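Below, chain A partners chain B and then partners chain C, in two separate complexes.
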Partner chain A sequence: MTRFAPPRWTLIALLAALTLIAAVASLLFGAVDLSVARLIAAATGSGDEVATIILFDLRLPRTLLALVVGAMLGLAGAGLQGYLRNPLAEPSVLGTSNAAALGAVGAIYFGVAELHPAMLPVLAIGGALLSLALLFALSGRSESPLTLILAGIAVGTLAVAGTSLALNMSPNPFAAMEIMTWLLGSLENRSFQHFWIALPCIAFGSALLLWNARALDALTLGEDAAQAMGVNLRATRLRLLIGTAIGVGGAVAVSGSIGFIGLIVPHLIRPLTDRSPSAILLPSAIGGAALLTIADLGVRIIPTTNELKLGVVTAFLGVPVFLIHLMREKRLW
Partner chain B sequence: MTRRASLLAATLLLGGAGALWAATSQPAAKAPAVPERIVSINLCADQLVLALADRRQIAGLTHNAADPQMSGEAMAARGLLLMSDSAEQILAIEPDLIVGMPASRSAALAALPRKTYPLLDLETADRIDQIYASIRSTAHAVGHPARGEALVARMEGELAGLPAPGRGRVAAYYQRRGYMTGTGTLIDELMTRAGLVNLAGKLGKPPLSQLSLEEMVAARPDFLIVESATDDVTDQGSEMLHHPALKDIPRISVPQAWTVCGSPAYTQAARSIAAQIARIDRTAL
Partner chain C sequence: MLTLENVGVQLGRRSVVQGVDAAFTPGTLTGIVGPNGAGKSTLARAMLALVPATGRISIDGDAVAAMPRADLARRIAYLPQGQTLHWPLTVERLVGLGRLPHLAPMSKISDADAAAIERAMIRADVQGLRTRIATELSGGERARVLFARALAVEAPGLIADEPLASLDPGHQIDVMELMRAEADAGALVIAVLHDLTMAARYCDRLLLIDDGRIVADGTPHEVLTPELLRTVYGIDARVESGGDWPTVTTFGRARP
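On to the complex of A and B.
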């Protein structure tokens, strides 16, 4: 508990620096080897056509998406863990990501997304919202942290089954491949169109979650104490629900369901802070952005015959670190 | 419709075969001069039988035969019996000729070890002369050899009259999820015929390879040839082909039904590619 924790702004600055390095690296590396000089020329507007298209149409939107989606997942994990006072809470464990993926799948494969571009995130958000509502209804006011996790697993399993079923019933013979992309996540071949779909949702969702910071700290003393301190529990819960649903829904709509980031990042960040829920919110967002950007870089650098899925790399990167921490921290979280 | 059309492509992708079936022949075992109950158990064989046999001779086709997304002879297949892959149906028809690719390795026939039907084994092929050979052997087996010769002569005539407007420019046959068709395939031959150079050959890729968007942008082909089924975004696999990074590369769109089998529709594909190159060149002026 009394391990060294750097001052808050030092931590944030360090994480931001790490994220910046990851983002620059993710612009430098890709399927095609481009020299730094060529990329700089392209960035300053004096480059050749190929380098310019690769940098601005392919790598830049992908990097930006990795940053915002990672930030959203990290923040959602920190917010949910704080509010529910449960170290296992996060969008993919609670089934939110998979439910959002189900919504997105419904929008794309049944032609709803063609009606209006906004339909894709709207349905993903709807899926996420529905799953969270179902989750809170299922776990109710149960005191045991296990009830919530079990309810989350049930909701998530249902959503995964629904996604597979929807794809199998849709008029698409490539369903198996598409199911894998949605369940393991991918930022392959994304364009600015996807970025503009995700960004407003993520900005709005993040704002709602960050708004909860003070209430989360008060909640560590229990609901009654928090209420006594003037925290509006209903409003806090509503902000958490809607913020998570809109943010995660918008992210999943373009990236598929990427696991582990929301679970792991808050645990990695927590020992570096004073452990109050509010202190880990912003650092978790920045850490999530860094982790997802690095994972996406791994997808591109690791040579495989078929494209590697993002969820695979986040698992390999994050889980060992997470386990080491878990062993060291024992019951502390 | 699209579902089944692409299923075929999926099967081909899984087989790593690229996108082509055609045929060479093996004389049918003691086939009667004019069979009266012909059954085809392969989509590509369907098209040859439809083109060469009399309608009243045809007793059964595969369930995809009437699908315009998949078969170049879909209209002609309307109203004929479309079978599922079941041995029972074959038993009931009691065919006097079964055409397959190859027929002798059919799972449905393996389920009927005690029955022997006259078989015509067609083989997959990737060159026009192999298409001609399978047309001739099918025509012979269905009892109309003259029709086969006439069809081959007509195709040769049509192909001889086609221009080659490609002038050595580079094209890539780009499929869902970035799969690219290579050399030694019907697609490759169609490109060469139109005067195009296959990007896959230039890059030394195998008959089926995967090329990322970045690599495609860096390779700068003069044309992209796509399946017309991917003209609309219906899922993530087809969405990739509509990425803004590809928007400046002129596109040639060819129905899969014309290219997936070595069939008489080959000439339609060749004509369409030549015409689309000419149209792109006209608008570029």
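On to the complex of A and C.
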């Protein structure tokens, strides 16, 4: 069997174009649709007051967040699948996203979140960092991927247990409801403040994960061969751990738990590349940005009585991808 | 020149390799033979600093333990035992992985790298497979492709761990001839082998390992004797030493 894949930069250019279209659509459509003319007028500073407020206070921060959070989740998924050499790995396998969620839930539970809008994301990032310290303690010195998965499961389970405890002990149904709503994941009512909190974490995390590209390729041949080709396994693992914890932690801190993006996007991208782990990193980041922006647009456009939560939509998107994978494995197509 | 001085390896509480002294020179093909669990693979891995070892292992005077990984990778190529491929890459892409030790950060494959990949594919005779998916090849094709990956490093040294495993006699000869050609071209080649007749036919020198120690070191004629085979492998064997290389025929387990 031979196969055809578009040249790398063609793929990246196409994905970037798709992302741009999704971003513009995300600025145009919502509870109140803006026309292209009104959007351009507002963007250039000569628009009406309503359009300017919608654009700069509501849609622009939301769109920018969808782009960076989606990119981080897509990249983290691709990086983890490459490192663990397991196509079912996703950003939450290390438990850091659950830990970030626990930090956020703690902020809501203890009422700290009401003190300042930045408190919740900051505590969430604190939760991610704490889980990183735990991961180090449990598996930092080892070089095998299995110890990392086990440590990730331990950390993740602990964080989920803590979150359940908070729900269990919540003083009133409203607090429980607030926690639940946050856990479902959403980009509604986010401001530029959230964007500026998430961006440095995501930029730092992404840089560390992209740095691993060559090492991930070498790991295609196993750990011994990778080391014999000059890969420093410990450094590779540290970059993966820190990059995922801080990057995904920063993303979860502002968006809540949004699952499946990190799992689906590398699967959608892989057949369009030469299948090497390095080739899917950057395209997965761009594809993740596009997919989350489109999903967030869907949340706004689909008419429902309660606003549909982003995490719910992405979870539904995950199902067909698994089914396709299953059918391919069974050679049904 | 690869030099081992009083090398020992401890895995857990077990001493797997002990007191090994040996020197390997360019242009020779050395076979490491010995029973299962004798420490052959561990010794090979120690030479590449993949397991911590005591004593001193050095290449041209530089200790491998202190050498940056990429530096060592450019000096010795390694073909591990029974490699698994984790992603369905094309043959050309897979062989190209051999250039990783030479690539500067963020750089692309240069013309020189592409030429090295091409040479490696020609030497291992896998050019015809270049667009095939490596995970879908037969055992023999796959062994040649993985060999080409190691050749693409174009290192002055090559260590192959059981490169003949699961190959039919024809493909075994192909792989042995590839290693012979590498050594004849001036490379330092070390192969962990199980087939004694193959080892005898192609290697310049054999190291017989038992229980982590070298029990014999010399030409195939010197190493493959019925007495040594009896004590090391516990087998009764006849060794025909009349030809250019000794041939080993085994009869059965040696009776005590």
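As a working rule, the second predicted complex is superposed on the first by the 258 of 333 C-alpha atoms of A that agree within 3 Å, B and C clash if a C-alpha of one lies under 4 Å from a C-alpha of the other, contacts with A are read in each partner's own complex, and residues count from 1 in each chain.
Quick note on the criterion: a residue touches a chain if its C-beta (ideal position, glycine included) is under 8 Å from a C-beta of that chain, and two chains touch if they have at least 3 such contacts.
A quick note: this is a predicted structure, and the numbers were derived from the prediction, not measured.
Chemist: Would you check which partner chain A:Arg237 touches, where first means chain B only, second means chain C only, and both and neither mean what they say?
Modeler: neither
Chemist: With the two structures laid over each other on chain A, which partner does A:Arg38 touch: chain B (first), chain C (second), both, or neither?
Modeler: In the superposed model, A:Arg38 contacts neither chain B nor chain C.
Chemist: With both complexes overlaid on chain A, does A:Tyr109 touch chain B (first), chain C (second), both or neither?
Modeler: Touch status of A:Tyr109: first partner only.
Chemist: I'd like to know which partner A:Arg85 touches here: chain B for first, chain C for second, both or neither.
Modeler: In the superposed model, A:Arg85 contacts chain C only, not chain B.
Chemist: Tell me which partner A:Ser191 touches in the superposition: chain B (first), chain C (second), both or neither.
Modeler: In the superposition, A:Ser191 contacts chain B only.
Chemist: Touch test for A:Pro277: chain B only (first), chain C only (second), both, or neither?
Modeler: It touches chain C, and chain B stays clear.
Chemist: Using the touch definition from the top, say if A:Ile53 reaches chain B (first), chain C (second), both or neither.
Modeler: In the superposition, A:Ile53 contacts chain B only.
Chemist: Which partner does A:Leu221 contact after superposing on A: first (chain B), second (chain C), both, neither?
Modeler: Only chain C; A:Leu221 stays clear of chain B.
Chemist: List the residues of chain A that touch chain B in one complex and chain C in the other.
Modeler: Common to the two interfaces on chain A: nothing.
Chemist: Which residues of chain A touch chain C once you look at their complex with the stated criterion?
Modeler: 1-3, 85, 214, 217-222, 224-225, 227-232, 274-277
Chemist: Where on chain B does chain A make contact in their complex?
Modeler: Within the complex, chain B touches chain A at residues 1-4, 6-7, 9-10, 176-178, 210, 212-215, 217-218, 220, 234-237, 239-240, 243-245, 248.
Chemist: Which residues of chain A touch chain B once you look at their complex with the stated criterion?
Modeler: Per the stated touch rule, the residues are 30-32, 50, 53-54, 57-59, 108-109, 171-174, 177-178, 181, 188-189, 191-193, 305-307.
Chemist: Please output the residues of chain C touching chain A within their complex, sorted ascending.
Modeler: 45, 48, 50, 68-74, 76-78, 80, 83-90, 93-94, 97-98, 100-101, 103, 105, 131-133, 136, 146, 149, 153
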